[in-house]
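Here come two complexes built around chain A, the first alongside chain B, the second alongside chain C.
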Partner chain A sequence: MKNILLIANMTFKEVLRNKLLNVLLLFAIVAIASTRFFTIFAPSEELKIMQDTALGIIRFIGMLITVFVTGGLLPKEIYRRTVTVILSKPVSRAQFLFGKFCGALYSIFTNIIIMSVIFFMILFIKFQALSPELNVKFQALAPELIKALLLTQAELIVLASITLCVSTIASEIFNITFGILIFLIGHLSNYIAYLADRFDSLLMKSLLLSLYTILPNFENFNVQNSVVLGGKVSWLYMAKVMAYGGFYTFVMLAIGYLFFAEREV
Partner chain B sequence: MENSVALRIRKYFLVGAVIFVFIAMAPLQQSINYSRVTEDLVENIVIMPGEFVTNFVIGGFRGLAADILWLKMDECWHNGKWFELLPILRAVTWMQPHFIEAWEIGGWHLAYNLYAYAANSPDRERYIEDGIRFLKEGLARNRNVYNLWFNLGWIYYHKLADYDEAIRYFRSATRYEHPDYIDRLIAHAYRKKGDIASEYKEWLRCETLYKDNRHHVGIVEKHLQKARDKLIQNGTLEGVEAPSDR
Partner chain C sequence: MEKVIVTKNLSKFYRNVVGERHFKALDNFSIEVEKGEIFGLLGPNGSGKTTLLKLLLGLIFQSGGDAVVLGKSPRDIGTKKRIGYLPEQPYFQDFLNPVELLYFYGSLFGIEGGVLRKRVYYLLEKVNLTKFEKMRIANFSKGMLQRIGLAISLINDPDLLFLDEPTLGLDPIGTVEINSLLRELNSQGKTIFLSSHLLSEVQDSCRRVAIVYKGRLIKDGSIDSLLTVKDALSVELTSKDEGDIEKLKRLAAECGLDVKDISQKRSSLKDLFIDLINAENK
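Right after this comes the complex of A and B.
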């Protein structure tokens, strides 16, 4: 456990020094803050556009930060040969991999929390500016928005585990490209099920349904639209999706470990 | 050697666990799909080849795509492109069926703006019908808020003078959190229909509501008095009973 925490801590410090990620975070903060200035529409429309934009930015920048952080972790260590030094100490490959994963999550969480806090501040100011009476609405909306952001975090954990799994065998550029593509494909999973329904061929149907099961279904984590439009998300749903995310992350880390255990470093 | 065997066993165990978890995920996904249906989190499939919104939709940014279309709709509105904005509104409601404003504006645009813009009477009737159909479609996905019930009732009340239908929809609107004027509109609809006894009962019911709202109380008192006077004139006040709780 101590080894894992040490590696996680080192990874976090390493990520903090990455200028690209700081620029991404800065861009996200400016973009979220600028949503305050949507003032040409009716109040309800302004609030909707503001929330859609801010949640979209958090998810998109969160995705970029995730793939850039996790995609480069192992290839950099292997390229610099630092992995050989670390593994020559009493540190197992599983500990190393899991430590790297925890460090990446630590930095992803920090970034998402910073963006979320800015978003909540801006949203609160907007509600106050429109009418202090809307405070009640804000209080009702805030827990649902927190749930949506928690699911975004969970989605990014799954994405991080996939990218880390691939990074045990591939180069940094490949990992980043793969991470972005899997994020897009993961949001199209429901289309695959939709297509499978429309195929008469049993072979195609089975193929598509297998693909639907194997690929991560990131739409499970997407409740933003419903929340922004006043919908409620139950804790049971949250638990199911978190369990799904947990299972998927376990599978990806296990496969990643199996690859990494076989790899010559 | 022992280590190597242990490592191999651990690997086999891990492979088994991966397969088991993957198999377990299929029923979990089914359960999530079911929850998405029951909690109204399901979204319509959007396939618009060549459209810029697809890029957003496939990235999971459906809300942003709908907002961009909404801005496009706003632009069409201000440029007087009234027929162009209809398919855009359709796309918005398809992507976000719980976006109430889109349904409201679409229904109102058809039943009022395009109605006024139409060259002849059959076209006008068609636009009202289209507006009603549009709102009913929205109502099918948004039954638990007052807005679309009220909007439908208003078209029946104001455009078609079908007061029975108007009352039915206004009354449905009052089942959910709603503004005070909808309760009064029910009484007005009875008055327009010529059913003074029911109008009087409705004003009596309104009298029991929103007692802290001076504006509401003032209007209700005025109309209650008028309805009472009419009933006295007709000699039917005695037969009118206080309304039961609805």
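Right after this comes the complex of A and C.
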């Protein structure tokens, strides 16, 4: 366990120095901060547009940070041969892989938390500017926004596990491209099920249904529209989605380990 | 004598995309390394030295044969606790300084607190990096990287040390210092497995060598047994007069000896360089 934490800490320190990720975070902060100016396009829907845009930015930039962090972790270690030094020490391949994953999660969490804090600050200021009486409404909305952000975080954990799994056998560029594609397809997976219904061919139907089953359904993690329109997200739904995400992550890490255990470095 | 490394018909093949064996990196390689010796693995670039080291460290997996390190599989975590490894052209987390780096690798062995601190500063002194303890690894020269790599390989006070081209990138002074450190470690009972393509380095440091070429073991044995020329003698005499050479030739002829060559002894360029630098530093 101690070795996992040591490798995770080292990974986190390394990721913090990644200039591209710092630029992405800076871009996200500026974009979130500027959402209050978008509201001039629809004065009556100001708060909804702010929430919708900011949550979308956090999910999209979070996705980019996730695939860039996890996609490069193993290929960089193998290319620079630092992996040979670490694995010649009493560190198992499982500890190394899981340590890398945990280090990536630290940095993804940190980025999401920073973006979320900026979002809440901007939203609170906007509520105050419109009317101090809206404070009650803000207090009711905040827990639902936090739930939406927690689900975004869970979605990014699943995406990180998929990208890391692929990175045990593929190059950095492939991992990043694959991660982005999986994110996009994962948000369209309900359409895959819809398409399967529309096909008469049994072969196509089975193929699409298999794809629908295997691919992660990231729409399960997306409660953005519901929250922005004032809906509530039940804790039972949260638990179900988290369990689904946890299972998917476990399977991806297990497959990644099986590949990495046999990988020559 | 206890054997710390035993390989029997160890082979490594790399396959092409259709699964055919297309490159033999190591072919039926059998050696035994005894406890407490400095063993040299000598061979030209691409002969299979690093492949053998990686097999012995469990970083890659054999296609055939068997390897035992310290009585166990090279992949055993218990084995790894007792070994040190310096890779060829080492690269480390370059955003750290040498102290942070040694703390990280020491912690991976479960070494903690005062023991780790003492070990870190002891090793920095041993490899002459104490005055660079605050410098980031990114700013290290090739020779300094080699030195910190050696310190990392010694952080756990290993019983068995694997060194892949340990003096690559070092100047002659650094090479002498490293070789002297290796002899000191060996005198403490540590077994050293040294892989190099530098003939003089292996000859100076090792008691036994194995010569590998195209993945095959072509010769092994003690340095003495391999290098002693049975039908020739080497004589070193103190001489103050160039005429002594002629006297010696006559003397040898009178004794019926066939003299091949008698000439003034010459120092090596390496020895001259080291003597000059040492004199400047005094």
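Convention: the second predicted complex is superposed on the first by the 259 of 265 C-alpha atoms of A that agree within 3 Å, B and C clash if a C-alpha of one lies under 4 Å from a C-alpha of the other, contacts with A are read in each partner's own complex, and residues count from 1 in each chain.
Convention: contacts are C-beta pairs under 8 Å (C-beta built on N, C-alpha and C of every residue); 3 or more make two chains touch, one makes a residue touch a chain.
Worth saying up front: this structure is predicted, and the values here are computed from it rather than measured.
Of the two partner chains placed by superposition, A:S201 touches none, neither chain B nor chain C. Within the superposed three-chain model, A:L6 lies in touch with chain C and out of touch with chain B [touch as defined at top]. In the superposed pair of complexes, A:V265 makes contact with chain C only, with no contact to chain B.
In the superposition on chain A, contact is made by A:S226 with chain B only, not with chain C.
With both structures placed on the common chain, the touch criterion links A:T84 to chain C but leaves chain B unconnected. For chain A, the partner that touches more of its residues is B, with chain B and chain C as the two candidates.
Once the two complexes are overlaid on chain A, none of the chain A residues touched by chain B in the first is touched by chain C in the second. Against chain A, the residues of chain B that register as touching in their complex are 7, 11, 14-15, 17-18, 21-22, 24-26, 28-29, 31-32, 35-36, 39-41, 43, 45, 47, 58-64, 66-67, 70, 74, 96, 98-101.
The residues of chain A lying in touch with chain C in their complex are 2-3, 6, 10, 13-14, 17, 80-82, 84-92, 262, 264-265.
Chain contact summary for the complex, chain C toward chain A: residues 54, 57-61, 77-78, 80-81, 83, 85, 87, 90-93, 95-96, 104-105, 107-110, 152, 156, 162. Residues of chain A that touch chain B in their complex: 41-42, 44-45, 48-49, 51-53, 55-56, 59-60, 183-184, 187-188, 190-191, 194, 213-214, 217-220, 222-226, 228-234, 236-237, 240-241, 243-244, 247-248, 250-251, 254-255, 257-258, 261.
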